[in-house]
């Protein structure tokens, strides 16, 4: 059985040491092909990521790859090293999209271990990593922190020194200077973008029902997850999942994030770019056959010094399954959610003024 | 509930005034990626849209994007403004493909309201629009008329002056001078195209069974419809559709058109381009699990003045569900169809001589 | 019913004469779009076919198209002429990938009939063809032999002279001089490729469990097979297949080959290229809903004269359905297989040293 050693069994809790950096496989050249598959899977309609001339008019080099496609590609690379033995994905934070990605760019990913904390059971521990997506020029295009609960290989192994990183709840708008700096929203064409609502038309506290519902098929979420080269087995192996408490394949949470973003076009047509993600909570699992709806709340608005063309809006988008989002089902008490809520995503977008 | 105002609730009958032009969102750069997804969804095998050298040998700048993919992209853009509140898509006519579209081109769409007619019920009305697909150079690549029955917002609103446009039953062959003018079918390679049958080998009245059947899955028609950024909710929302008279998601009629065209390769291998569509009738709805067959009749043939390399054939292609097309099920009396017929499409193709 | 003559009814046994060459339709320009759809369908992670800079560092002109995608495209073209009336695909051999294919290349296919042998029943015969994939420069990029059992059109037709080609069991490593000659694996980056195992780390006889399982959906195998323009009706027509002994659609064997190759990344991360296929046996049919696992055995290793950067490994990869591959289910006696084995693929790969 010598060959068993060649099979990647992933890292266990003991394998993570604070300060270590892991280079992830496999570098991936993102192409117009990936953009098209992504479109077919989510039906996104934001003009910036749909039309090359529209994007170029704003100062992009070309039509940028959807921010969330970039996120999923980078995230997918970290899975075999970080979360193959994860019991749970506990959260993510401090996600900043630092530079645009264009068709033809090649992305690789690396993760620095920034925290470890063994659980009292002695069977598992929490690992914190800061992951970065890096393009072929060595530029960081995306970074985010995530923390996962990972099994120990050997329960009798001694606990490492506990180290828990201090993470901000909300990314500061000043952190988005880079991605916005080179753009000029002055030429933003509201006639072609799908709606006239601008930065000034939204109020803090305003709620927007995105109205439409989309039912997800197994072939769709599997294709999406493979496009990201994310190999987490819970998404693909029906035979094994039948033995799990869910009894079937789980949909990768990123599929719900992308779907919620695509649905949010209806009411947030000009939320041109996702600048960063403050945090995301996958409140409940989703499965093939579920119909997903979404609604958003404007949480905060932020001017950008010296800019009259664009502002930042902090949004909280909730996805709901098998129930219309018209009644705005959301968080009912801190950390408690209305039945059927599956996603609570807190993020910043750029919005033309 | 202020936010509700941001949600696009679509136009109602009263919102359409003859002479108005609506610019539709979202401009879309069509790429080789879209072409590949389209291929994976329909399996089209016509050489002109499959091989770049084959296309260039005929005078195309490059491999043109499939005419029907262009149609669906343009059509998809009109949906949120024209047919979001449609009770029924009643028909289309005068569809002409005016210029080739290539990977990298960006398409936008606009529609001019050319007719309105309130129904006697006072609850709905028929709206006629002429829609145009326009590329990044401002060139019209496609135009067509369609008419839809749309709900009134307010049933007590007064009826507008009735205006019904005069539409031709059959597009005149002379209208296709533009798309054919720059092409030379002299170098058409019948050895590579899949069959030796040329313009002269087809007889008016001839019927061709395309023989093969294809079963459609939910994931397939949803991906196709999203690729076109067509958001009509009946195609995606199983939860809501369960309450409809169909009890499930409806397949976008354009999926059946593309499938019938792909199936028609078997017997119409050299029907190189769709030049225009005279009219199309979606006789019955289709659903995931249906197996689609197709057959065609040669309705008319037309020489092109001064051209010995190519002629035009007017075809009528019928799609049938869950029944072989070998017995040529079609129209049994004016407007009446054999059971299981789902599509009656009347169109012109270019065929090398 | 004159039109029936236009419908391609395929070739029957009598139509194949030794020495004849058939040019197949339809030439196909392979693009980055096809590469993306392939990625979404299989989730392949080998760095050479995922990253353009990675590939260029090894001497490729650009990121090569996955060898198996090339195989399926070429194979697909042969189907309408060779195997439309096939009762069974009996085998293939002597498959050599002669040159890299890049996005933008156009592939056509031709087959030379190299053997015929009527069966004793007088109802069918075996046809042997050598098929070649040829790019736009006229370069052969791939060749392979396959043999199929084909129905006779007329059972009373006299049997042709029996001619059975001599085929080698294993392609000689020297036949791969061409595809490897221009490459230099000296700059192969094991940090990015997913594992440190090199040529020297594998032992003849070593078995590797690829561990992961993937459940296949109808929409996935249909999309894959259409991407290859493979129209064999058993994969698409549920209505007709319900009447068959299987009672449902069959998955194209090439889907299982590609899936097994993608799964084999886990343990064979650096099996950078498939150089050739010695033979493949589709031991049992697969259907939507099946979960596929795979394992491999190192059968042979071969140095390459004068090369210290790369060696060749002959692998045998078995795919299994609905059962973990951890127990290495394989061939139990010559030509006999453990229950649930669906594929036995014998092939050569290039592996950096």
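Here the chain labels run A, B and C in written order, and each chain numbers its own residues starting at 1.
To be clear about the criterion, contacts are C-beta pairs under 8 Å (C-beta built on N, C-alpha and C of every residue); 3 or more make two chains touch, one makes a residue touch a chain.
Every value quoted in this text rests on a predicted model; they were computed, and no experiment measured them.
Shared contact partners of subunit B and subunit C comprise A.
At the subunit A-subunit B interface, residue numbers used by both copies make up under half of all numbers present, so the two copies contact each other through mostly different positions.
Separating the centre of subunit A from that of subunit B, both taken as means of CA atoms, is a distance of 36 Å. Shared interface positions of subunit B, defined as residues touching 2 or more other chains, are 31-34, 36-37, 103, 217-220, 223.
Residues 31-37, 39-43, 45-47, 50-54, 63, 103, 191-195, 197, 201-203, 206-215, 217-220, 223, 266-269, 289, 291, 322 of subunit A touch subunit B in their complex. Residues 1-4, 6-8, 23, 25-29, 31-34, 36-37, 80, 103-104, 106, 108, 136, 217-220, 222-227, 229, 231, 233, 236-240, 249 of subunit B are the ones that touch subunit A when the two sit in their complex.
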